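What follows is a pair of complexes built around chain A, which joins chain B in one and chain C in the other.
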Partner chain A sequence: MAMIAADNRGLRLVTRYAVLVLIAIIFVFPLVFMLMSSLKPDQQLLQDSGNLRAFLPVGDISLQNYTDAFQRAPVATFVFNSVLVTGITVALSLLLCSAAGFAFVFVRWKGRDTLLALLLATLILPFETIAIPLLMMVAHLPWVGFDGVSWGWLNSYRVQIIPFIADGLTVFLFVQYFKDLPGELIEAARVEGASWWQIYRRIVMPLSGPIFATAAILKFLVMYNQYLWPLMVTQEEGYRPVMVGLQYFFQLNVAWGEVMAYLSMITVPVLAFYLYLQKAFIASIASTGVKG
Partner chain B sequence: MASKFTVSNRTGWLMAGPAILLIAGFVILPFFLAIAFSFTNQRLISPNPTEFVGLANYRQLLGVTMVTLEPVRDDTGAIVMQDGEPEYPSLRALTRNNPDRPDLAGMREWFSFSLGGEDRTYVLARDVVFMKAVVNTFIFVLIVAPVQAALALGLALLINQRLRGINVFRAIYFMPVVVSIVVVSLLWRLIYDGQSGLLNNLLGAISFGMIEPVNWLGNPSTALGAIIAMSIWQAVGFHMVIWLSGLQTISPTLYEAAAIEGASKWQVFRYITWPGLRNTAILILIVITMQAFGLFAQIDVMTNGGPLDSTQTIVFQAIERGYGKQDISGGSAISVILFLIVLSISLIQRWLTREKT
Partner chain C sequence: MKMFTLAASAAILAWGSAAQAQQALSMWYHGAGNEVESRIINQIIADFNASQTDWKVELQSFPQAAYNDSVVAGALAGNLPDILDVDGPVMPNWAWAGYMQPLQIDESKIENFLPGTKGYWDGKLYSIGLWDAAVALVTRQSYLDELGLRTPTLEQPWTKDEFMAALDAAKASGRFEYAFDPGMAWTGEWYPYAFSPFLQSFGGDIVDRSTYLTAEGALNGEAAMAFGEWWQGLFKNGYAQATQDPADRDGGFVAGKYAFSWNGNWAALNALNAFPDTVFLPAPDFGNGPKIGAASWQFGISATSKFPEGASAFIEFALQDKYLAAFSDGIGLIPATRTAAAMTENYKEGGPMEVFFGLTEAQALVRPVTPGYVVQAKVFEKALADIANGADVASTLDAAVDEINADIEKNGGYGH
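Right after this comes the complex of A and B.
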């Protein structure tokens, strides 16, 4: 009897893992296909996609596609633009949205509750519904530079950065988190004569590592993966980010090997970053679900 | 309990001001501009001054009407048949230069149906492509929302087991979420390829060649389905994680009590897990619905709305007009329509999640 029961349990365990592995294969196969294809010449790539060799580094393997991709498009420029725009936006977003969250939770001021309600209302505005009027707006906005006033923000870094620094969700995440911090601590610090800046810098920031990580990861994913907006506002390649840069690989003859090499180059760093900080990534997505 | 130490108008405005100004300028203002532009003939660049046109943009987008036509009869009164079907008078005669029905001018056939009798009813739309876009978007949302929510719940239950190495599987299932939808769409374009696509080869192999290769994205009857499947594949991990955090709020003592009572797996799910997930369920449906209405990148990368407008969507139409044709007013009107749809859905959410007293 005991033997059979043990066997049953063993079998159940094997089935469970088999199911888990099968589903895992469904989720990774396109990514493995991408990586393997990026190493193969076009002709072999298309032949291999008919069988399991598509997922194996076999045949005529080289980094030729990567070299060719750099020749076909200014890959380095696209990567630089994406890193610059994403980096600046994330940094400014953390600074301004956390400051706003701080003011909404710890400071009492006129108009606070009304403005917080207004901010929350913006959560139901999908970006897609404001993209077109925003395009019209930025096409006519003034900018003061070193060479005087110019009109129109199209083809610039600022048009990709400034509209995305502050958003309702990020402020809201900070507000939610700060609400759970001990308010007496801040009150006591005020009584002791600490300035607001000291409280923010010395008390609130050291306690808020997780929420800064969450906000940074969410903003990073949104910014790095931007497609619709830069597609509309950057016609010059000098300002285009990686996702829009993909278009260069679809002019005239599509060389799939190069496409795969480019996709690998722009995806693998993000995946590596994700696998490294996996827990924080998943926690940040889960925290967006806490609203509602 | 406002103590004088925490009251400071200056600090409040100084710290919250920058974020508020940016949101006001780049989220709230464009929203009101969308409404304003939708009542004008605004173009991105135009030599002519902008004019107020009232509801013309909306009328152009949403104009739908029905006409019922009798079949054509010959001199003897018999119905003229063509290819075994009764012949009907040409719609063009009705919609072009027809002084009797000026309201039909410029309308085109959207679809037609027959209620059994000889007459045939034609549904005409002023903008057939937009109508198709609305229908496709709703099909997409109505399929994606329940299917993706259910699959995500299944995955969450699977991942919630106590098994060695389960975190590795959680990490893998979530992986597509961090990959750009643009990259994902391109990869799947190759997988769906009509000749040498992985999917066709796989189907051919498991059916020993019985299943003919399908040009998944090039065929009007499969293109939207292919995009739906891929979109679910990409986003299901996102909602799995939200379900998981919902599952973890359910008290373990409830499960222990159920185990003592000898409840079956189904009973545990039905009477403990599911009631504990009610709010998560509503939230997930709303989040998926909102995301699904924004369907754009997949279309732009994979099909451009084709074939035969079978994958047109509301957002794709808004961008094609507002950006592609520089018709800011038309694109804005579509944006406002989309907003009204999303707003009604979140009002329904409010109503569903209202506190029952």
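Right after this comes the complex of A and C.
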């Protein structure tokens, strides 16, 4: 009897691992395909695409596609722009949205619930619906710089950053997370005479690592993958991000090897950022599953 | 020493004032990512800037796939450049929408330009192209010989029956995966550019060109129905594939998968390099004369430009044969004039792609010259894709007509 139970456990384990391996393959193989294809000349890439060789570093392997990609487009500029815009937006967004979430959950003020409801209502608005009014607005906004006052934000980093710092989803994430923090801690701190800033900085923030990581990853992905907005507001090449840059590779005859090389290069920052925050992200997902 | 200092100062001041005297003209161009094209356009700009002291053109390049959206966004934001380039069939829309103004160039200088390179809207010249593009039925002479087929000529193209007999022969030979590659992997503008000439050769059209106020009868009349049935038959009867891998479109003919490929002059050199006996056949005549598409990228001036005379001066400067030939040699397109063609490697007499110049002269028909074309092209594309995938021909074309007519009505007839 014990033998049968052990066999069943073994079988379940093997099945479980088989399923997990299969899922891992499904998620990993596109990346492997991208990397391997980036090393092959176009003709070989197309020939290999219908069989397993597509996932193997075989045939005429070289870094030529990477060299050609740098010649075709200012790849470093695009990556720099994306990392800069994304990095600043994520940092400011975490600060502002978490502070907003804190105010919505812990501070009592008039109109709080109405404003939160209004903010959440923006979640159902796709960006495309506000893109044109926003464009017409930012095209005429003033800006004070070292050269004095100028009008119009087009062709700048600020036009890619400022409109995206605060958003309903990120605030909502913080609100939901803060609601589950023990209220006694906040009350005790208030009784002890702590200011709201001290409570936010010294109590809430240290307890909220997972949600900061989750919000950072989600915001990072949205910002790094921006296409429509930068396309509308950056006519100068020097301000374009990676996704607009991708279009440089789609000529009449697409150089697929260069496309794969470019995609491999622009994927690196995303993977690095995700891996850096992976543990906290998983902790956040896990914590959402054990509520109550 | 003092004299030298004075002379140097005078020279610097003179240079400075000359530089200041040049009024900057901004220009947007769709060639980002295309090294050869970028090099040529930059050369033209450098030559123009050095040729006179009034104007200085400054270029911003955009990737082609994102160009039209960028221009529309620029127009909305009130941020258009002085000079822009525009795809021929899109020009009427931009002119009608108030993005462009008529050119101020001496039209006697473009008398000998191919018709497809001239962009007229409302009786005025709004854009002019340095090149045109053409499509041909690409195959190999050895295929024609093996299949026992007559080689069609410009004077005597294949009839519909001859074309279908050629496809039958190719299919029966068992040598090819498909007899015909229309290029189904290329979506977007390829559909109206490449396939509406078939419809026009049947006697139909995307819209009624006599008024441009309805598609009724043009896109769902008898001729259009015959075209739709024929088009569906290509896929239903196994001559072509309705869904195509982009890799097959790029390399299928060279790999021997297709006997005939409907493809443009831009892909011709690739085919010739693979098969020296590649031939470029004229479009078949489906009853109303053989037709191919016309009009490619052209230069124009934005409506908001404060310096249309400077912008026109640049465009006129760019129309020199040497630049037409440079673009042709660089990116394989058909130069706008015969004199420029004679200066090119591919289109000069005896050149490997000379035939395309003749095809353009003899068969080219511009796509409907109406602001509504940008919508009509998308409706046409969807209808053809649906029919290729088995949708009922009559109801699909009727629905397309309704959609086009509704759009024309919604836009008050687009100024026609």
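Quick note on the criterion: the second predicted complex is superposed on the first by the 230 of 292 C-alpha atoms of A that agree within 3 Å, B and C clash if a C-alpha of one lies under 4 Å from a C-alpha of the other, contacts with A are read in each partner's own complex, and residues count from 1 in each chain.
Everything that follows uses one rule, which is that a residue touches a chain if its C-beta (ideal position, glycine included) is under 8 Å from a C-beta of that chain, and two chains touch if they have at least 3 such contacts.
In this text, all values refer to a predicted model and were calculated from it rather than measured experimentally.
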**Report entry** Partner chain in contact with A:A73 - chain B first, chain C second, else both or neither
**Finding:** second
Query raised in the report: Given the touch rule stated above, what does A:M136 touch, chain B (first), chain C (second), both, or neither?
Result: both
Report task. Would you check which partner chain A:V19 touches, where first means chain B only, second means chain C only, and both and neither mean what they say? Result -> first
Query raised in the report: Counting only touches as set out at the top, which of chain B and chain C does A:V270 meet: first, second, both, neither?
Result: first
Report task. Go through the superposed model and pick first if A:M232 touches only chain B, second if only chain C, both, or neither. Result -> both
Query raised in the report: Of chain B and chain C, which one touches more residues of chain A?
Result: B
Query raised in the report: Which partner does A:V259 contact after superposing on A: first (chain B), second (chain C), both, neither?
Result: first
Query raised in the report: If you stack the two complexes on chain A, which partner ends up touching A:L46: first (chain B), second (chain C), both, or neither?
Result: both
Report task. Tell me which partner A:L120 touches in the superposition: chain B (first), chain C (second), both or neither. Result -> neither
Report summary line: Interface residues of chain A shared by chain B and chain C, listed 46, 49, 132, 135-136, 139, 231-232, 256
Query - Residues of chain B defined as touching chain A within the complex - result: 2-3, 5-9, 11-16, 18-20, 22-23, 26-31, 33-34, 37, 42, 44-45, 155, 158, 161, 163, 166-167, 169-184, 186-188, 190-191, 193, 196-198, 201, 205, 233, 237-238, 241-242, 244-246, 279-280, 282-284, 286-287, 290, 293-294, 296-297, 300, 315, 318-319, 321-323, 328, 331-332, 334-336, 338-339, 342-343, 346, 353
Report summary line: chain C residues touching chain A in their complex are 28, 32-35, 60-66, 69-70, 73-74, 76-79, 81, 246-247, 250-251, 264, 266-267, 270
Query - Residues of chain A touching chain B in the complex - result: 13, 16-17, 19-20, 23-24, 26-31, 33-34, 46-47, 49-51, 54, 96-97, 99-100, 102-104, 106-112, 115, 118-119, 122, 124-137, 139, 162-168, 171, 186-187, 190-191, 196, 200, 221, 224-225, 227-228, 231-232, 243, 246, 256, 259, 263, 266-267, 270-271, 274-275, 278, 281-282, 285-286, 288-292
Query raised in the report: Along chain A, where are the residues that touch chain C in the complex?
Result: 43, 46, 49, 71-73, 132, 135-136, 138-139, 152, 154, 231-233, 235-237, 244-245, 247-254, 256
